[in-house]
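What follows is a pair of complexes built around chain A, which joins chain B in one and chain C in the other.
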Partner chain A sequence: MGEKLAERTFTTAVWLSVALVAAVFLWIVADVALRGFSTLSWSFLSQAPGDAGRTGGIAPILVSTLLILSIALAVAVPLGLAVAVWLSEFTRAGRGGDTMRLFLDVLAGVPSIVYGLFGNAFFSIYLGLGFSLLSGGLTLACMILPVFIRTCEAGLGAVGSEWRLGALAAGMTHGAAVRHILLPAAAPAVAAGLVLGIGRATAETAALIFTSGYVDRIPGSLLDSGRALAVHIYDLSMNVTGGDAAAYASALVLIALIALLNVLAQALTDNWLSRRITPL
Partner chain B sequence: MNRIAKTLLVLLAAGWLQPLAAADDRLTLTGSSTVAPLALEIGKRFERENPGVRVDVQTGGSSRGINDARLGLADIGLVSRALNAEEKDLTAYTIALDGIGIILHRDNPVRQLSVEQIVDIYTGKTRNWRELGGPDKPITAVNKAEGRSTLELFLHYFALKNSQIRAQVVIGDNQQGIKTVAGNPGAIGYVSIGSAEFEQKRGVPIRLIPMDGVEASVAAVRDGSYPLSRPLNLVVKGKPPALGERFIGFARSAAVNDLVEAQFFVPLEP
Partner chain C sequence: MQAKSRAGLAPTASPGLVQRFLKRDSDRRLGALLAGLAAACATLLLLVLAFLLVESLPVLAHWRAFFSSEGWYPLENRFDLMPMLWASLAAATGALLLAAPLGLASAIFVVFYAPAPLARFYRLVLNLLAGIPSVVFGLWGLTVLVPLIARWQPPGASLLAAVLILALMILPTVAVTAIAALRAVPRAVLSGAVALGIGARGRILGVALPAARGGITGGFLLAAARALGETMAVLMVAGNVVQNPSGLFEPVRVLTANIALEMAYATGTHRSGLFASGLVLTLLVLLLAWLGTRVMRGHRHG
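Now for the complex of A and B:
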């Protein structure tokens, strides 16, 4: 009887937790959707902002956001995969790898404003990139690298050692084993890292306001300043009086964009990496 | 095929790395988050009237405007207060005025606070609205972050030092101040009068209270009777470049009065 009660309490607690988390998520989405939907329209997506963002739309901001994100991913994904492979496959447990892991874990916990100040000092001023999409993208790359590397490394580490031994027995080189066996097997972790990175990068404000900046026209080059969606939302809700309606509509677009990008990233990684494992 | 695609991509990237506008028809303005939206709108109108010119506006606070104008990181700094004695190496051009008003939550029955009472609240001597004839409710003093010119103005007016202030909430931008007070019936804050007036009319639960007996309104700021107001400035080090000079002239002209008013500030000449 007592056991049954304990079991029931446990089950209820688990379900309640799920309901609570789901409710919070739904509440946020519903709140943003309810307040933002009336402002959202095709012209909101296709027009430039007017009157400090209160009127008009967010077209240039969407363009800037996607460009900044592309730069960040183009830099972070190859670099991150390489470091993850090194950590997991090319170092034995020992000082070098552990120190690197410690660095990465500390960096992963650093608040994004610190990355923003670093990016402003290093990319914008020291390297002379100024307020530009490039400065912003590179700053974001620095920001998402630690989590991406650690997630990929965990994925590679979780691949059973019989896979490595099998590859060795089949006479594959270390590099070939990584490319054809281990990375594809770790695809779900790579996808998870990618999704985390995209989510963090797309929703970033503090790292971007002093790197890619505040200019709200369509960028003509990667060295132009361009306002990211999250910076636009922050400015409309915290700085521009009467900007709330546009802020909510922009937030709705941001949520939809992140959801879309995540689905895309998941599909792409599944396709690209897991297809490799069969033909060989 | 793959190689062709790659080559195209590299060429495209190289093309994108060339800035479209040359440096001498580009103006960079950085500084006060209060002035930034106004500067952005003035910049857009200036761009329309001067084809080929680009005006890039960046935000970050008045201290940044001073700093960037000094170091030459920006052609023009945005500063939402008058320059002080240590900043005489810069020249300020006022483009609009803004009043700073004390706001309380709408449900707070307190209608008037003397200068001493406000000082006591912000220095932590008065901690409950009961002591000021209000309800038994702790006071939440909302202060501005270091480097914000509203803070400097507030401290100067009340002859306080930031180290004396015991604030429960420290905020950055103006609108954040309004939202913080609207969400907390025991809060007191200080924000731009134009914005507060607009939000109050829209039904946001805040109330502007008089400053030293003078009603806090845009009209009072305009006629100069309101005691706590500030100039919104464009600052430059030395002589601005020709384009900068033209921009400053444009930003001070009556041609932008509607833009100034749309951002809830007070134009120089009506």
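Now for the complex of A and C:
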């Protein structure tokens, strides 16, 4: 009898925990969706903010967000792919590769606010870029590089050796094999790394406050300060009384933007890399 | 060439295979280019640690002050980090205490209880929860959770609010690592328990969990590291008063929040103090993450 009761209690506890987690998740999603949609409109997306963000929209903030993200990806993706290919294809054990891996794993764990400190000290002050989109984008590039490299490298490493043997038998150069065989075969990992990077970079706040700054006008150049969407949400909810409605609408836009970019990244990687693997 | 002859002798896959490509000039150039880029990348990342050290150097000489009890008055060169360190540790520990059972139950549900479609759906929920930006957690905490707590025990912005929000944020980490660890338990071990007539509860608590304890503990440590490093969500709900955490309903300021709040106007040694607190935070987070991966590797099943 006691055994049966214990069994039933345990099962109930497991189901209740799961129900609790799911309920809280739904609570958050419902709050963000309901409050967000009630303020969201076309003019919210197309107008500049007024009255510290209480009225108007987020158009300049969207522009800054996308520019910062573009800078981060323009630096992190080619550099990351190059380092991943080097780690996986061009270096043997004990030749700096292991040190590099250890180093990347260490940096993957560094909190984002610390990247913010670094970005402020190095890009903004030491390199003299000031509070600018460039400082923010480069800081984010440093932040997403370690995880992006390790994900891509894992993908390349998982490509079976017979692919390399095949390329070798076909008389391909190593470079051609990487470009036409190995990277396309590792496309899912590259897409996963890209999605992780975009998610982290778009949602990042702490690393941007002291690098790209708070200015909520449309930036005139990459050396201007620009406010990212996540920073806007933070500012509205903490520093602007009566900014909650706009903050929720911005939160909804932020989540939608991340989802949209993820789909885009997935499609682009599939298209760009997978097409090469089909027979010529 | 030597590479050519060795390639002919290698019918089986081996890690050294990559070296057997015919090294043409174009490949040598590519290799050199990639090595150069890797070096540049390593330099860039080394700079992160270098700048952290250099900028905190003026204050590091007086590192004992971090652990004194003279309070955090950076303008008077009093850099006592302890209240904020305790607040960070209390928030992370509290979050883990909540997230660990819920995350573990989630994993047990997915691996042992849920029918396949429901398990897939619940994993999606966990992934979406992990994908919510921290600033959105902060916004929700500030506008929904804090007023709720305030109605019960003012002021609302408190250690408890931080603990609850952090628990939600790290729960997916706990659940996902525990799912992986439980899935890696050999089927034979579980079938053996079934053959012995042990019930589901006994199989899970007595066989599966102990067998997967390495991966699960590692997940806990990684989740705690994440909670310690989180800035925005905690900054928005914790109240940010510098004081030793004395109760769940007291406002506290964690290390990360302190950096975010004071960097805007900090100069001179104050600025160094903030970099130093960033350094302390980084070391703490890295220690946890290192322990986590070590525990995970140490207990991996063949």
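Throughout what follows, the second predicted complex is superposed on the first by the 250 of 280 C-alpha atoms of A that agree within 3 Å, B and C clash if a C-alpha of one lies under 4 Å from a C-alpha of the other, contacts with A are read in each partner's own complex, and residues count from 1 in each chain.
By definition in this document, a residue touches a chain if its C-beta (ideal position, glycine included) is under 8 Å from a C-beta of that chain, and two chains touch if they have at least 3 such contacts.
Values in this document were obtained by computation on a predicted structure and should not be read as measured data.
With both complexes brought onto chain A, simultaneous placement of chain B and chain C is prevented by a clash. Judged by the touch definition given at the top, the superposed model places A:Phe131 against chain B, while chain C stays out of reach. Once the two complexes are laid over each other on the shared chain, residue contacts for A:Asp224 go to chain B alone; chain C is not touched. After overlaying the two complexes on the shared chain, residue contacts for A:Phe123 are found with neither chain B nor chain C.
After overlaying the two complexes on the shared chain, residue contacts for A:Phe148 are found with neither chain B nor chain C.
When the two structures are aligned on the shared chain, A:Phe210 is found in touch with chain B and with chain C.
More residues of chain A lie in contact with C than with the other chain of the pair chain B and chain C.
Contact with chain C, but none with chain B, is seen for A:Met100 once the two complexes are overlaid on the shared chain.
When the two complexes are overlaid on their common chain A, residue A:Ala6 makes contact with chain C while staying clear of chain B. In the superposed model, A:Phe44 lies in contact with neither chain B nor chain C.
In the overlay built on the shared chain, the residue A:Leu168 is in contact with chain C alone; chain B does not reach it.
Stretch 236-244 is the one of chain C that runs into chain B, the other listed stretches 164-172, 236-244 or 272-280 having no clashing C-alpha atoms. Overlap of the chain B and chain C contact sets on chain A: residues 209-210, 237-238.
Put simply, chain B touches chain A in their complex at residues 13, 16-21, 28, 33-34, 36-38, 40-41, 56-60, 73, 172-176, 178-179, 192, 194-195, 198-199, 202, 262-264. Taken together, the chain C residues at the contact with chain A in this complex read 7, 10, 13-24, 26-27, 30-31, 33-35, 37-38, 40-42, 44-48, 51-52, 55, 101-102, 105-106, 108-109, 113-114, 122, 125-126, 128-129, 131-140, 142-144, 168, 171, 199-201, 204-205, 225, 228-232, 235-236, 256, 259-260, 263-264, 274-275, 278, 281-282, 285-286, 289, 293.
Of all the residues in chain A, the ones that touch chain B in their complex are 51-53, 125, 131, 134, 209-210, 213-216, 220-225, 235, 237-243.
Against chain C, the residues of chain A that register as touching in their complex are 3, 6-7, 10-11, 13-15, 17-18, 20-22, 24-25, 27-29, 31-32, 79-80, 82-83, 85-93, 96, 100, 103-107, 109-118, 120-122, 126, 142, 145-146, 149, 160-162, 164-165, 167-168, 171, 173-175, 177-178, 199, 202-203, 205-206, 209-210, 230, 233-234, 237-238, 244, 247-248, 251, 254-255, 258.
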